[in-house]
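Order of writing sets the labels: A, B, C, D, E, F, G, H, I and J. Residues in every chain begin at 1.
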Amino acid sequence: MNKAQVVEAVVLAKKAKQLTWESIASTLGMSTVWVTSACLGMNSMPEQAAEKLCELLELPSEAKSVLMEYPTKAWSPAIPQDPLIYRLYEVVGVYGDTLKEVIQEKFGDGIMSAIDFSMEVEKQPDPKGDRVVITMNGKFLPYKAW
Amino acid sequence: MNKAQVVEAVVLAKKAKQLTWESIASTLGMSTVWVTSACLGMNSMPEQAAEKLCELLELPSEAKSVLMEYPTKAWSPAIPQDPLIYRLYEVVGVYGDTLKEVIQEKFGDGIMSAIDFSMEVEKQPDPKGDRVVITMNGKFLPYKAW
Amino acid sequence: MNKAQVVEAVVLAKKAKQLTWESIASTLGMSTVWVTSACLGMNSMPEQAAEKLCELLELPSEAKSVLMEYPTKAWSPAIPQDPLIYRLYEVVGVYGDTLKEVIQEKFGDGIMSAIDFSMEVEKQPDPKGDRVVITMNGKFLPYKAW
Amino acid sequence: MNKAQVVEAVVLAKKAKQLTWESIASTLGMSTVWVTSACLGMNSMPEQAAEKLCELLELPSEAKSVLMEYPTKAWSPAIPQDPLIYRLYEVVGVYGDTLKEVIQEKFGDGIMSAIDFSMEVEKQPDPKGDRVVITMNGKFLPYKAW
Amino acid sequence: MNKAQVVEAVVLAKKAKQLTWESIASTLGMSTVWVTSACLGMNSMPEQAAEKLCELLELPSEAKSVLMEYPTKAWSPAIPQDPLIYRLYEVVGVYGDTLKEVIQEKFGDGIMSAIDFSMEVEKQPDPKGDRVVITMNGKFLPYKAW
Amino acid sequence: MNKAQVVEAVVLAKKAKQLTWESIASTLGMSTVWVTSACLGMNSMPEQAAEKLCELLELPSEAKSVLMEYPTKAWSPAIPQDPLIYRLYEVVGVYGDTLKEVIQEKFGDGIMSAIDFSMEVEKQPDPKGDRVVITMNGKFLPYKAW
Amino acid sequence: MNKAQVVEAVVLAKKAKQLTWESIASTLGMSTVWVTSACLGMNSMPEQAAEKLCELLELPSEAKSVLMEYPTKAWSPAIPQDPLIYRLYEVVGVYGDTLKEVIQEKFGDGIMSAIDFSMEVEKQPDPKGDRVVITMNGKFLPYKAW
Amino acid sequence: MNKAQVVEAVVLAKKAKQLTWESIASTLGMSTVWVTSACLGMNSMPEQAAEKLCELLELPSEAKSVLMEYPTKAWSPAIPQDPLIYRLYEVVGVYGDTLKEVIQEKFGDGIMSAIDFSMEVEKQPDPKGDRVVITMNGKFLPYKAW
Amino acid sequence: MNKAQVVEAVVLAKKAKQLTWESIASTLGMSTVWVTSACLGMNSMPEQAAEKLCELLELPSEAKSVLMEYPTKAWSPAIPQDPLIYRLYEVVGVYGDTLKEVIQEKFGDGIMSAIDFSMEVEKQPDPKGDRVVITMNGKFLPYKAW
Amino acid sequence: MNKAQVVEAVVLAKKAKQLTWESIASTLGMSTVWVTSACLGMNSMPEQAAEKLCELLELPSEAKSVLMEYPTKAWSPAIPQDPLIYRLYEVVGVYGDTLKEVIQEKFGDGIMSAIDFSMEVEKQPDPKGDRVVITMNGKFLPYKAW
């Protein structure tokens, strides 16, 4: 089994058992966003989480070590097309320079890490239409002079 | 004066007066992210905000109507290169499918609007290194069948 | 069964039963354009529509839930080549700035939604050659300052 | 004067005289969309329209023949970025195959012309948010066997 | 059977029966270029031509309706590489602006249709080396003001 | 003066003198397509033609040698956008494999030269709409085995 | 059997019989470069060469006609990556304008044919490190005025 | 003065003095190809050659050190368009894998250097049309295991 | 067996035998980086190394000659996406011109070879977070004038 | 003065004063690679370094604050062309997967930072040709589960 095959097995088992990402994450005791990303093959699972997932979804035994493998991250196409994902790309395009100005004004020259990083998604009820709230939390890494 | 010239004038005046985006935003009574984006020419200013900005930065009188013009939004290159902005693009690449799964599980088929949208940046102090917290808040728009 | 397999099954059944998109849409009581797009895997079907379609086309029972799944929308190539589709891309290229000017003059700064959106195609008989009339109808979304 | 210079002169004069595209079009007795596109240099003006425009906007005399010149149509970038224009591109991407199916079911094998073509934009008031209605009208051109 | 499978069947049968495109076209009573393009899946065949072709090449009965289907036209790569095809692309690149000037001088603002279009290839014997003569014939479509 | 400057001078002089490409070509005793391409900087002129052109258009004396210079041929964008030129690109895309089949069936393995090459444009009157006739004539170059 | 299958068969047979391209070429009485290119599917073989090759490598009988077929030449990626091939691309990039200047100074306006063309590779022993000598020989084709 | 300005000065002086690249190279006692490439800014000149060139072309004194500067080599577009240069790119595309096979059969695993490299262009008279002979000579660099 | 199949066999055997790249390299008596690259199909193995590897991993006998084959090196996508690899690309982007300045100041006009080249990776313990140390060692190749 | 203007001033002053990057770095008491990158506008200078540089190179007083500004890092083209820089890109392409395997085997799932990063260039004398030694040193950043 490779990553792609385990992802497929996870998605099929989740559908067959009528589970949600949220309930799977709750069983594992971890965040929904992170658990989903690991189930889609974009993060490696610590052993305990992989074990619990295999149990919950009754995956074949060899799935555990594959879930623990370090993935090669990739996406296609380079400019996203699905409207939900494109809108995020558009936000980066429209507000990229703004975020650079504001972050560097607050922190100095450096970046927000995408590795020492976490993200949450919340639903904010609103009578004019519910709102999606995405919170990104990344360590600030200052540029180093040497 | 066109947008690009006004952006340059704003940036020079801000530097000459040693202002920060945060203090400018506070004078205008609006969010730092939004004010910065409008000053960089990526959003159009309501009349009152444009007026206050011109006053604060002592911009030439014709700047006001240019700040109110509706911009054509563009960015280059399509795949960002500056490390701070690239990391955000990478987050969209790595977590795009995850966000689609999680948002659509919570809300149904649809997207987060990038138009009816706001964003904040906060500094979260941390002894192991301060953290950047970016919060995006967009209206959920359900797909419509007809 | 995944989306691609259900699309193939729909297209084969439609051909075998010698149905048109228009007659299928009429049976479902919905618009021809929307029904076609959902049958081609570009929109998710509400339960009732999926049920009716499965019945009409005698699709396997598992097709229903697949028709209801939220699709990942994608197209290739990024610059269309089929002449019918390219002409629409050309219209966007030639008249894009014009539409921006005209829409924003009428509505203020904002966009036409492609999500809260519907589209119809009509045939307008004309002795000099019949004409295609495409009507797009999307909610205006004003940019938000914050 | 070349096309680009005349476009700039038109836009400045329109702003100085506080005219709208709609009022200019009405003075010329032609459609707003077409007049705007010609003023932005994407269509050539018939002599009479060019003359009226020069008079209305008090353009230099050599502008008339430039407005009548046949433009080389171009747009950049090939994949649009401004959100209003991108949404139209997205519609072509998401619904391109659908439109091909529906148009060819109604008309036979062929395309909708983008040359023998007109387009209108209307505002449809709606208590839940006004709607943009774009109507495209193009001659159907059947493929020819020989 | 889909288009690609029918194209393969046509090519194999043509080889097995040692026929030429010219002789096939002559049997169908149509132009060699058009018949070849339809056999390669780039044009849809009228019923009678499809019937004759199936008979001549002893194709399976379901091939007929597939030959009549309206193809989605595509080519790859976007910039051709095979030297014969590249040379034609080069001609369009080198002489594109020239053809625009000359055609529009003769006809006014508009284009040559690629839909209401035919093309022939002839061999012109020449002692210094035979010459290829390609004749394109397309309806002129004037731009429309509205 | 460089090529670009001479092209601009030619175009301005042609406009000022109200000449057509056809009349210029006729004065030079050469084909309209070739003369236009050389005037647009895509071919080098033999001395006599350059001399006649300078005289006819009253170009500065240094223009002659520039017209005789060997140009670096280039076009942009690689995938044309102007509709008239795009249609020619589309013809190459749709009919490229067909032309390869037909030409190589008639001539053997090889190509049509784009260098030992000429092209003509004719207007074919037609009550249903005049037609553009483009004739390309290129030497067949057989591949060489060695 | 198609070209790709015959190429694979040739490569396997060459390996099994422990032959070199040079010895195969010598058996066929032709150049190593040309024979290799034809064996890799980039040139069509004259009947006699195809026959000899089939005999030498004990290829299945249908391979002969496939070796004689006219190939569609293609390469991927458009910008080569393998270091040996990239260095040649780099030479074209770095010295392209130089070669244009030097060739056109010697021959007049025109090009070196890549069709009426041959190429040899020699090993030039050198105590400081042997050297690769590539010789390209192409017919000069002058541009034609008409 | 920068490289681009010196290149322009060299080209203008060469034209004014009616020199050829060959005669300039001969004065410098070096190869025509190399001298041309250095004059076009793609190689750095040793001091003595730069000095002689400045003298021969009567360039301003500061040109000497600029000719000696190490250039940043670049070309555009990445896929060449000028027919003379494209043909060389095509040769690399069509024969790239062939050259890899033949060179590595003769030399082992490695590449031909494009740095420890020279190139000559010769004219080979031929009654059927003169031929261009390009000879590339590069040191073979074997891959190193470690 | 081809390269890709042998790479897969190596990776599976390494996993089954719970070996590390470091231990495999140590058994072969060569560097970890080089051995890994050869096992991933990006370098050809000398006979002795291939033999030892086959023995150690109990690979099928035909694997040995495939490990010795000269690979065609390729990577995809051209702009890396996996964050670990992208950071290296970013270093080349950000520091490319700097490295050119510094290397050429120390060595003269020329490059660092990527063929006569070796690389090591070390772990440098650090209480603030361990550090990756990558050392590249390539022969300097001076440009040659001729 | 903006970054680009200061970079130009630095480069001109360095040339006029006949300084090397190494001597400038030594005066500043910092690494040659870092100082060069900051002088080329790819890193921001701490105040003290900027002050010393202005003094050493006698730059205009406003240069100091510009040297301290946080740059937007960018490079062009995305796939490098200059041979020295391309070789580094090639190393990333050929050895990217290898580095991922080796680093992650030593450190676990994570990346080498390009921000908390330093780099040195050394000359290693060698009778067979001096060697370039590039040492990269970046903090290992482990992926975080949450």
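By definition in this document, contacts are C-beta pairs under 8 Å (C-beta built on N, C-alpha and C of every residue); 3 or more make two chains touch, one makes a residue touch a chain.
Because the structure is predicted, anything quoted here is derived from the model rather than measured.
Looking at the partners of chain C and chain I together, the chains they share are A, B.
Over half of the residue-numbered contact pairs at A-J are shared with one candidate from D-F, F-G or A-D, namely F-G. If you average the CA atoms of chain H and of chain I, the two centres end up 32 Å from each other.
Annotation for chain B: residues touching 2 or more other chains are 33, 72-73, 75, 78-79, 81-83, 90, 93-94, 97, 100, 104, 110-111, 113-117, 141.
Every pair of chains that touch is listed here: A-B, A-C, A-D, A-I, A-J, B-C, B-D, B-I, B-J, C-D, C-E, C-F, D-E, D-F, E-F, E-G, E-H, F-G, F-H, G-H, G-I, G-J, H-I, H-J, I-J.
Chain D meets chain C in the complex at residues 20-22, 32-33, 36-37, 40, 42, 73, 75, 78-80, 82-85, 87-107, 110-114, 116-117, 119, 121, 123-124, 126, 128-141. Looking at the complex, you find that chain A touches chain C at residues 77, 79, 81-83. Residue ranges on chain F touching chain H, taken from their complex, read 72-75, 78, 114-115.
The residues of chain B lying in touch with chain C in their complex are 30-31, 33-34, 38, 43-46, 49, 70, 72, 97, 100, 104, 108-111, 113, 115-118, 141-146. Listed in rising order, the residues of chain F touching chain C in the complex are 79, 81, 83, 86, 90, 93-94.
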